[in-house]
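Below is one structure, written out as structure tokens, with a few remarks after it.
Letters A, B, C and D mark the chains as written, and numbering starts fresh at 1 in each.
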Amino acid sequence: MDYSTNEMMTVAASRAVSNDDVCFVGIGMPSAACNLARLTHAPDITLIYESGTIGTKPATLPLSIGDGELCETAVTTVSVPEMFRYWLQGGRITIGFLGAAQLDRFGNINTTVIGDYHNPKVRLPGGGGAPEIATSCQEIFLVMKQSTRGFVKQVDFITSLGHGPTGRERRELGVTTKGPSRLITDLCIWQTDPETREFVVTSIHPGVTREQIQDNTGWTVRYADQVDETPAPDATELDALRSLN
Amino acid sequence: MDYSTNEMMTVAASRAVSNDDVCFVGIGMPSAACNLARLTHAPDITLIYESGTIGTKPATLPLSIGDGELCETAVTTVSVPEMFRYWLQGGRITIGFLGAAQLDRFGNINTTVIGDYHNPKVRLPGGGGAPEIATSCQEIFLVMKQSTRGFVKQVDFITSLGHGPTGRERRELGVTTKGPSRLITDLCIWQTDPETREFVVTSIHPGVTREQIQDNTGWTVRYADQVDETPAPDATELDALRSLN
Amino acid sequence: MARIVDLKTAIAEQVQSGDTVAMEGFTHLIPHAAAHEIIRQGLTDLTLIRMTPDLIYDQMIGMGCARKVMFSWGGNPGVGSLRRLRDAYEQHWPTRLEIEEHSHAAMANAYEAGAAGLPCAIFRGYLGAQLAEVNPNIKFIHCPFTNERLAAVPAIKPDVSIIHAQKADRKGNVLIEGIVGVQKEAVLAAKRSVVTVEEIVDDFAGLHPNVCILPDWTVGTISLVPGGAHPSYAQGYYKRDNDFYKAWDPIASDRETFRQWMQTHVLEVGPEVFAERVTFDGPTVTSRSDSAQED
Amino acid sequence: MARIVDLKTAIAEQVQSGDTVAMEGFTHLIPHAAAHEIIRQGLTDLTLIRMTPDLIYDQMIGMGCARKVMFSWGGNPGVGSLRRLRDAYEQHWPTRLEIEEHSHAAMANAYEAGAAGLPCAIFRGYLGAQLAEVNPNIKFIHCPFTNERLAAVPAIKPDVSIIHAQKADRKGNVLIEGIVGVQKEAVLAAKRSVVTVEEIVDDFAGLHPNVCILPDWTVGTISLVPGGAHPSYAQGYYKRDNDFYKAWDPIASDRETFRQWMQTHVLEVGPEVFAERVTFDGPTVTSRSDSAQED
């Protein structure tokens, strides 16, 4: 079955979550990946959207974080202050899914500005829930298309903390959650080196070359000792994903 | 119509609240007084119980602060943390009704211990909601039967702040709410002197003498320049009160 | 993930002597059946947390389960004192009882902070109140913007929270309605939880989207105990047994009368007796006007 | 005490140029009709507070109503940028726009603190996040018990909060259901409030006891504006107009196209046009499964 690089990325991300996970889901790719997981290998996964909907099971992918279907299919819907206090800060979320405009190899995220904060070249939407998602969830998965514009040596602004500018700051601040542990792109899967906290490529999507990966990364790419080939999306996965749209 | 001193006290208390008031109601006498007001001259008064019931309209007096009827007849019922945060601390309550085991002339309330805190002669139930009711409501009305045991020179323990041990401490602490402004007993009505913050008698219930009042007060009673006679409960008030029990 | 087990198993698995235990329910939905099971299993040295200790802790304290009680109002609502609590605190019978005393606002905020994963709660409280002088767990901070002095108390984070709720579904989601108190906060603040329910239903279809539900993955065990809140009540199921609250006072006023009552009504029976102690209202009620009409 | 008045009167009475205004609604129940009325009344110099400025503030900013915007995520959800917001901030068109930027957690906590009458909120936030370096309204305190460093932000206390809700009753009680967002907090935190509703009913009999209701005495004015949330939605009444959200991007991308659109669709019409912009779902829905079935 033919599939797009976007579909490969979504399917790879969906495989990273399991039935027991409680996922804090952002709109777009994370929402597609988590719902795909729910429709395939993780039927009992709990999906939480920051609009307050807990345990939601949409039949189609919502455009916004608060579409009516998210509430109609939820176990319960709570206020936004409660969502951020009892559910996110309360430490109940196993996996937070985030994207970025700029990302560095330590998983630090910029969604605020390109350029200087006060005189930006490009003003981006901002952090939203991400600054606290990044530190309150037990683990962070990043999903993002690769490009040298987005995969940079140093982000212009740390909207949401990864492992910090040198990979040490998260530990030094005493943040007890794990932080970014996985990065799923349209080209490959990266995992975090437990020592240096840099991303290293652990699996390459079918047909993608190491050259392509380096060409779309603003730092020198490191590879794990053993690099797998990501299994291509199977028919079940693609059918389920396409049914969501 | 015959009436008891208890009924006189309840009726006098009920007259002190008005249709626009939002009352934080304790169980017992305050509950009887506020519901009597609702059934007579203040049909739209808002009654709030600390169990979370807002705008409740019980047909009979509840035994506890959280009887089912309070919820069934309420405009809405919120959680207890919300009650204390958004509704009480939020400054939305015009009148808090409190009672006491011991009370001094500055309206300081003891419901904690008789004797020393760590080695009490009598261990009382404690403060409950009162410490914050006393400082968060716009105004406090006290309702209590008089006796030298209860009306003391100095309370053994300040569970809930009135105007402070010398009448000045409330202002000095920067508490912006008014504090105890009225004390309704089985013998008379006291109001707070705006200067000294002491209670002074402003109205004596029918048939009660100044001697009786002094005999049941542990400090030298002060009277206002003009002291009225409290109108006796009328038939409407007594019928409504008795229908509640 | 919630598991549905009998109450004896639930208490045996989730509660140990020495634990910090919160049993909540603000007048409504007080988990009496679970308390009796704790008494039967002979657990001791518990630190008991509850805003209003009520008869439930009077019984546990009188039976020697508790080392300490944290509370904000320790009376029998509308009746008088808690005689077993006072006897334990004042006369050390059957054992010495430590107390940690707060206001309702402090405890409500402390549960809220526990549920929110914070180490402490701040609130405008204890102004001029002497509890702040005798309880080292009451401190003050200053607002970094206005410099206002605000009270602070540590978050409540029990080892186990125990509540009674109206319904669970087969998956383990738990519904609480009516006077919801601090039960949701107590469960979310605790490491473990025991829930007793009036009814287990196939699913929760048809409920209002914003009702108070604890999702199955936030709950430890669920046990079916109809009547399990008696003499408290379960809205939509049965009413508060006000007569029992009044009758408790003479029972609890004497050590021997108390012991005999506990022997007969707690030690020699099991959770199944609770269903016989209440008069069920009839069909389940979930709307305000329906229940008002039923009265 | 809530008064029921038409929207024009409500805005004229409750909102003045220079006010700090919060218009909330988290995707759901966004008060678009009220925003258009503010634009028509030519109010300026407003400080606009909203977690997600969305199209509603893009329009107000583009029409010159705002001096400052406080927000936590400034995009068109699922589509892209807010082009009028960016033009005002980057190019000062039509006027210079100041920003104060937070995270969602900070704003949600700040609204909660405003409703709770506190001067500030504390939360575990902004750890390693650079907003704390550029926004002086982000400070840190230490827990007096554990010494943990916690973020603090000032409470949000708007001059006026504006929301759209499903229903009011004749007395002025307001019902919000579904995704309730921070609307209750926004109203309780504000000095004044404007509420637009889909429907005014005789009374609220039959509702679940724990639904989100703002009692009449907490609300300023109520105006009947069916469809008043469009292109946002009102659960039980009509769905989100996702196409409009997508169509907005090209409209807003050009100053002249934007001005013309506002002229035709806002300046030359009144709140009554909103009812024509939506397709009502049919009978009012208050239960989760009912509304699921309708889809």
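Please note the rule applied: a contact is a pair of C-beta atoms (placed from the backbone, for glycine too) under 8 Å apart; a residue touches a chain by one contact, two chains touch by 3 or more.
Here is each chain with its UniProt name: A, B = CoA-transferase subunit beta; C, D = CoA transferase subunit A.
Not measured: the values here are computed from a predicted model.
**Student:** Can you name the chains that touch subunit A (CoA-transferase subunit beta) as well as subunit C (CoA transferase subunit A)?
**Tutor:** Neighbours common to subunit A (CoA-transferase subunit beta) and subunit C (CoA transferase subunit A) are D.
**Student:** Comparing A-D against B-D, which pair counts more contacting C-beta pairs?
**Tutor:** A-D is joined by more C-beta pairs in contact.
**Student:** Rounded to the nearest whole Å, what is the centre-to-centre distance of subunit C (CoA transferase subunit A) and subunit D (CoA transferase subunit A), using the mean of the C-alpha atoms as each centre?
**Tutor:** 38
**Student:** Whole-Å distance, subunit A (CoA-transferase subunit beta) centre to subunit B (CoA-transferase subunit beta) centre, using C-alpha means?
**Tutor:** Subunit A (CoA-transferase subunit beta) and subunit B (CoA-transferase subunit beta) have C-alpha centres separated by 57 Å.
**Student:** Report, in whole Å, the distance between the mean C-alpha point of subunit A (CoA-transferase subunit beta) and the mean C-alpha point of subunit D (CoA transferase subunit A).
**Tutor:** So the centroids are 28 Å from each other.
**Student:** Could you check subunit C (CoA transferase subunit A) for residues that touch two or more other chains and list them?
**Tutor:** Each of 112, 116-118, 123-124, 178, 180, 185, 209-212, 235, 288, 291 in subunit C (CoA transferase subunit A) touches at least two other chains.
**Student:** Which residues belonging to subunit A (CoA-transferase subunit beta) are in contact with no fewer than two other chains?
**Tutor:** As it turns out, subunit A (CoA-transferase subunit beta) has residues touching two or more other chains at 71-72, 74, 77-78, 85, 89, 136.
**Student:** Chain touch graph shape: choose line, ring, star, complete or other and state it.
**Tutor:** Its topology fits none of the listed shapes; call it other.
**Student:** Report the complete set of touching chain pairs.
**Tutor:** The complete list of chain pairs in contact reads A-C, A-D, B-C, B-D, C-D.
**Student:** Okay, in this complex, where on subunit C (CoA transferase subunit A) does subunit D (CoA transferase subunit A) touch?
**Tutor:** 116-120, 122-124, 137, 139-141, 143-146, 148, 150, 152, 154, 177-178, 180, 205-212, 235, 286-291
**Student:** Touching residues of subunit A (CoA-transferase subunit beta) toward subunit C (CoA transferase subunit A) in the complex: what are they?
**Tutor:** It comes out as residues 20, 22, 46, 54-55, 71-72, 74-78, 85-86, 89-92, 136.
**Student:** Using the touch rule from the top, collect the residues of subunit A (CoA-transferase subunit beta) that touch subunit D (CoA transferase subunit A) in their complex.
**Tutor:** 27-28, 50-53, 59, 62-74, 77-81, 83-85, 88-89, 112, 117-118, 120, 123-132, 134-136, 157-161, 164, 169-170, 173, 175
**Student:** Within their complex, state which residues of subunit C (CoA transferase subunit A) touch subunit B (CoA-transferase subunit beta).
**Tutor:** Against subunit B (CoA-transferase subunit beta), the touching part of subunit C (CoA transferase subunit A) is residues 26-28, 51-52, 71-75, 77-78, 81-82, 86, 89-90, 101, 103-105, 108-109, 111-112, 123-131, 134, 178-182, 184-185, 212, 233, 235, 239-240, 242, 245, 288, 291-292, 295.
**Student:** Quick check on the complex: what are the subunit D (CoA transferase subunit A) residues that touch subunit B (CoA-transferase subunit beta)?
**Tutor:** 1, 112, 115-118, 173, 185, 188, 204, 209-213, 215, 217-218
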